[in-house]
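First chain A sits with chain B, and in the next complex the same chain sits with chain C.
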Partner chain A sequence: MNLSEEKKKKIVFKSWAYTITALIFFFPANFLPMMVTGEMGKAEENTIFSGVVYFFVHGDYFVASVIFIASILIPIVKIVGIVFLLLIYHFKVEEKRLLGINIYHILHFIGKWSMLDVFVVALMSSLVQFGFVAFAKPGPAIIPFALVVIFTILATKNFDTKLFWS
Partner chain B sequence: MEFKRECKYCGTIVEIDKFERDTDYLCPVCKSLVYRMGQPFRYVLFLSLTSLILFLWMLNLPLLSVKILGIERTTSFVASLGHLIATGKFLTAFILGLSVIIIPYTMLVIRIAVIIAVKFKAISPYVYRLLSLYKLIAEWNMTEVYLVGIFVAIIKLRSIADITVGLGTLVFILFLTTFYVSVQWFNPDDVKIFCDNYSCEKINELMCFEGNFNES
Partner chain C sequence: MKSVIVKRSTIYLVWVIPIIAIIVSGIMLFNEYAKMGETVVIIFKDAQGFKQDETPIKYKGIHIGMVKDIEVDPKDLNKFVITAKIKKSFSKYLTEGARFWKVSPKLKPTEFTGLSTLFSGTYIEFSPATNDPEKLSKLKKKRKFNGFQEEPKTNVTYFKLISEDGSLIEGAPVLFKNFLVGNITKRSLKGKKVEYVISIDNRFANLVKVNSNFWKISPVDIKASFPDFQLKVNNTLNFFFGGIQFDSPDNSPSVCSLNKNSKEFQVCNGKGFYLFPSKSDTEFSLKTIKLVLKNAHKIQSSLKIVYYKGEVAGKVVNAEYDVETDTKYLYVRMKKKYSEFLAYKCLFWIQKPSLENLNIPSIIKGTHIEFAFYNEKSEPKDTYILHHSKPFGKVVRIKLKSEHSAGLSAGDYIFYGKTIIGEITSVSLKENSEYYSAVLYSEYASLLKGKPVFYKKSGFEGSLSSEGLTLKVSPLKQLLLGGVGLLKCECKNSLEKNTYPLFKSRRDAERYIYLNKDGAKFILYAETLKGIYEGMGIYYNGMKIGKVYRVDFDREKNIFKLYSFVEKRFKPLLNQNSLFYKASGIDVKIGLDAVEVKTENLISLLKGAIILKTGKKSSSSNPLKEYKLLSESEFQAKNFVKAVLISDYAYGLKKSSQVRYRGVIVGKVSGLDIENEKVKIHLLIDKKYSYLLTSSTKFYIEKEKFSAGEIKNASASIFGSFIKIAYFPSDKKKSEFVVAGVNPSDTVYLKGLRIILLTDDAETLQKGSPIVFKGVEIGQIESISLSEEKRVKIVCFIKEKFRDLITENSVFEKIKPLSFKVGFVYAKMDFKSLSAMVKGGISLVSVGKGKGVNDFYTFELKEEKK
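Now for the complex of A and B:
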């Protein structure tokens, strides 16, 4: 099936727009605090990376790996992956078309898993509400982070691998 | 009778020679899955109804309880969502509510409604629209991510508090099991493919036939 030139342009334009938007939100998502926790009145702000380091230092390698993979690695892989798909189309690299489809399947599969940290923060903030003794609340990074996930999913959904054959 | 399906990844037209369960029709060019027939609708209906009951039951059940210095706090799906709304985290509440509560619920309701419509041979354009909506929202369902989120929260909190896993988490696991089996067993394209290639009069065959379908 051949896509019309107009449709091709629209798909490519929208995919770039979603990807660039995700990339823009990626920086506040990673540099602003994801969660604010407090113990005995002392508040502490945690970014995603500082959370990973905290669990790694305290020997919780499993949690550190899960958070690192879901919250840092997957968003990067998704953004790089979509850019790679768009470059395959732009440079008409025919021998990479099947690789492109495999990458598309992977991006499609991993897309939603980066939302993990948003759900963990939401759950913890509703549970840990002990006033002065202990509290947890979502930090300002939660919204840009959720937007990174949403825009990378939109970019993947919008991209059409039939572009490689058109 | 054979029918044709276009591979949605590369556009190749693939000929499918018969309705055959447990056979994956792959695209000869890109090896992507082109068509897999769903399981009999009566099984999907049974699982969907079970999922729906478990889903409605779990919403208010306690997921986790945390105890610090003798003070205990419990949360559920609804309480977690309510807390986000009460603290002004509307976008997070919207994402959580949509991807973990509204979408799975809508998927279940659509599936049940479509199967009942098939049972009573009430196939209309509305059924196809519902199926299109089903395919559109299915990709935004994130219930399994939330389950992993519960486990990560347990591991994170165990060093500072006593954690008790509530009945809600167990019901949630049961719900996810039935929900995902029913998602795998239900192919939303089957109704249209069947009506286009055979006859909507014979649509009830989708409810119960278990082998290969041979037109008589």
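Now for the complex of A and C:
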């Protein structure tokens, strides 16, 4: 069951569009503050990377690496993965087809976990609400970040490994 | 086709999503970039409390930026370079005049600030130069600022105060008349002193004048000084923190005009005001002078206050004692009004309570420092010597030599009159004489030109001297203190230079002075000392010209020597023929007319005197060195001619009654006795007038006579009866006379016409009755007697100038006393004619025509026509 040209084109177009969108949103997601935390009246804005640096500097390597992997590495890997899959399709590199399928499965798998950061922020924002003494609220980066995750998932969903054999 | 197109278009529609993503992301990133804002550099002196990425920059509470970096200026470690990001929207306010300051929690006496930063932490506050966009655009953009440590006050003026201690805290109030006008902004240690910077609201800044005084106010003021005690509790604000109060003299210029662009602690007054520890201190000058007290162990009491004539003039702020040199250094701050006196020659000494100034304040003052200055310009010095006792400034040092023990002591004063002109400084004994060192204050040094002598003053000085009885009571002070008096002498001084004799009493001194005058000294030899005493006066015509100053006895000659002295100006009175005789007190009344002259010498009347009679000048006018003192009788024998007058009655004459010729006293009655039932009057006639004693001369007794209408013989009524001489020249001398019966009128000696009027009844006519012509007195009756025909013979005297009125045919009429009342015209006559009312008179009725008459031409006196 081969895909029609029409269908192929549609998949490829959508995948590219979603991937590029994810890539675009990746920048504000990382440069804008992800979460604004306040302690004793003084507010602090944290981007994802500054959070990583913060935990890393303070010796919480595990937390630092978790955030780094979940919030930075995985989105990059996903975007790079989809781009890789699309490039395999375009250049019809047949010996990489199996690799492409494997990558696709991996992307499919980690897709749902990449929302971790959004969950953390959502959780913090709802739990840490002590007004003046301490508070946490989502920063402007949360939306682009969420969009990055959504669009990578959409891109992954949209992609079809059948493309390799068409 | 259609569907293909549609499908294609839906496929391409997918690309809308990344485009939207780009737009959305772009907006978001741009917003974030916009939020990052301008980078500014703020330099602070103190970066405490600042945190990188944490310390916000706020404008009226809202965040406008964030500190991004804190570094130390590598060139100046006291400078901290803060790099901060300011929101883009505020970048237009980053211009000249914009200010950044640090806000941290501060607890001040007058306010609490920055409380919110207790929790939020220190932040930086921003204030734009202005809110007006137009002005803003004109101001230069700026990215580098100097940060203030606290909110800069634009509407205050800063002043610097220098204080000795730093007990006041920043923020303590600055008061003017207890009204809050500012507070202490900064406190810092400069060298040994504490420097305060105070900020005063611009509204009140002009209250600070050049001569303003600042002082510290403490919560409670206790002022305890004699005689008042004050306790003042200041308001509660000061109670906790203290503060600064100031006042300003009205007529002083303001320190500075308002400084609008006030930067941090740019003080108006460069040098700074001195902050006095208390209000009372403000009266004192800032300048400290040093008093050096040598031999300090002698002064046990602590010296605190410097007095000037009882007023507090300065106070000792610090004292040091050098054990090795036994010297005390006192640091004194003079009161401002007295500090200008330091430009004069000044003296400081220690005043102990003494008898002289013994009163309650002086006891309370106790031993204190006294200060005085002399009207003599001098460079102001920093160091003065503190004398142990009052120094004499410019004085003249003299020595007084006393033969007796005067019993004076150092500190006794020297008086001239009642003025203290000096004092005795020390006493020494040398060769049986006491020597007193003394000083005279320079202003009285001129008294020494009078070559004075000194005497010991006693409280009471009484003396019965030839000048009379004098009793002087000195003022109580002198009475208590005793002292030395000064008398001008003009004496030759045999003592060494600057040494003056000191006598044990004023009398001794006066005698010394008297004898030191230029004059004649001679010796009077007297056989008896009866009535003679030391100090007895020598008189010449009632004037005291000298005195006996010493009485001695010559054993060999068995005679008394009276050392006598006559003042220089009377020296010419002495010559070889001079005579001295002793007059007893009553005998001095030689001429009672001279009583007036002699009243001042009443004492000589009482005590007797030696009288000088100067004889004719002989060829050598040099006075003799020795004279014999005659007794009174011996003197009289030498100077008077004796005569005897026989009378029936004494008529009030007595010893020393006068003998007069033409109204001049020519002699006196020396005695009266009765011989052969006649009064024998012994007369002494001055030798000069001995020519009067001729055989023709007549003597009358002028009696005292009082009658209803007149006082006759006015002089006789005062001096008693006297003897009158009517002199008629004759070659024959005579010494015994009989009183002539009729007392001649005073007109006897006058030149004029004498006529005789005959009448049967003299009626009221009497000697002295007037002869009038048309109301003018032209003469008077000289005598009335009976002629041989038993008629009344009236001798009339007509004044020479009226001689021509009398002719052979002149008619004379009697005037009866009664007629005077009728003839009003007579009432116009003078006082003499008033007596005519009693005495009656004779009127020349008509002159008549005819020849003039000679003396003693006789007329008939007619009765008055009615």
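Keep in mind that, in the parts below, the second predicted complex is superposed on the first by the 166 of 166 C-alpha atoms of A that agree within 3 Å, B and C clash if a C-alpha of one lies under 4 Å from a C-alpha of the other, contacts with A are read in each partner's own complex, and residues count from 1 in each chain.
Going forward, a residue touches a chain if its C-beta (ideal position, glycine included) is under 8 Å from a C-beta of that chain, and two chains touch if they have at least 3 such contacts.
Remember, it's a predicted structure, so these values are computed and weren't measured experimentally.
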Partner chain in contact with A:99 - chain B first, chain C second, else both or neither: neither
Chain B versus chain C as contact partner of A:127, first or second or both or neither: first
Partner chain(s) touched by A:24 [first = chain B, second = chain C, both, neither]: second
Partner chain in contact with A:44 - chain B first, chain C second, else both or neither: second
Which of chain B and chain C A:140 touches, first, second, both or neither: second
Partner chain(s) touched by A:73 [first = chain B, second = chain C, both, neither]: neither
Touching partner for A:9 - first (chain B), second (chain C), both, neither: second
Of chain C and chain B, partner touching more chain A residues: B
Contacts of A:32 with chain B and chain C, given as first, second, both or neither: second
Doubly contacted chain A residues - partners chain C and chain B: none
Chain C residues touching chain A - in the complex, by the definition given at the top: 7, 11-12, 14-15, 17-18, 20-22, 24-25, 28-29, 31-32, 53-54, 56, 63, 116, 119-121
Chain C contact footprint on chain A (complex, rising order): 6, 9-10, 13-14, 17-18, 20-21, 24-25, 27-28, 31-32, 40-44, 140, 144, 147, 151
Parts of chain B lying in touch with chain A, wherever the complex brings them together: 6, 8-11, 30-32, 63-64, 66, 68-69, 71, 73-75, 79-80, 83-84, 87, 89, 91-93, 95-96, 99-100, 139-140, 142, 145-146, 148-150, 152-153, 155-157, 159-161
Residue ranges of chain A in contact with chain B within the complex: 1-2, 39, 55, 58, 60, 62-63, 66-67, 97-98, 101, 104-105, 108, 111-113, 115-116, 118-130, 133-134, 137-138, 142-143, 146, 150, 153, 157, 161-162, 164-166
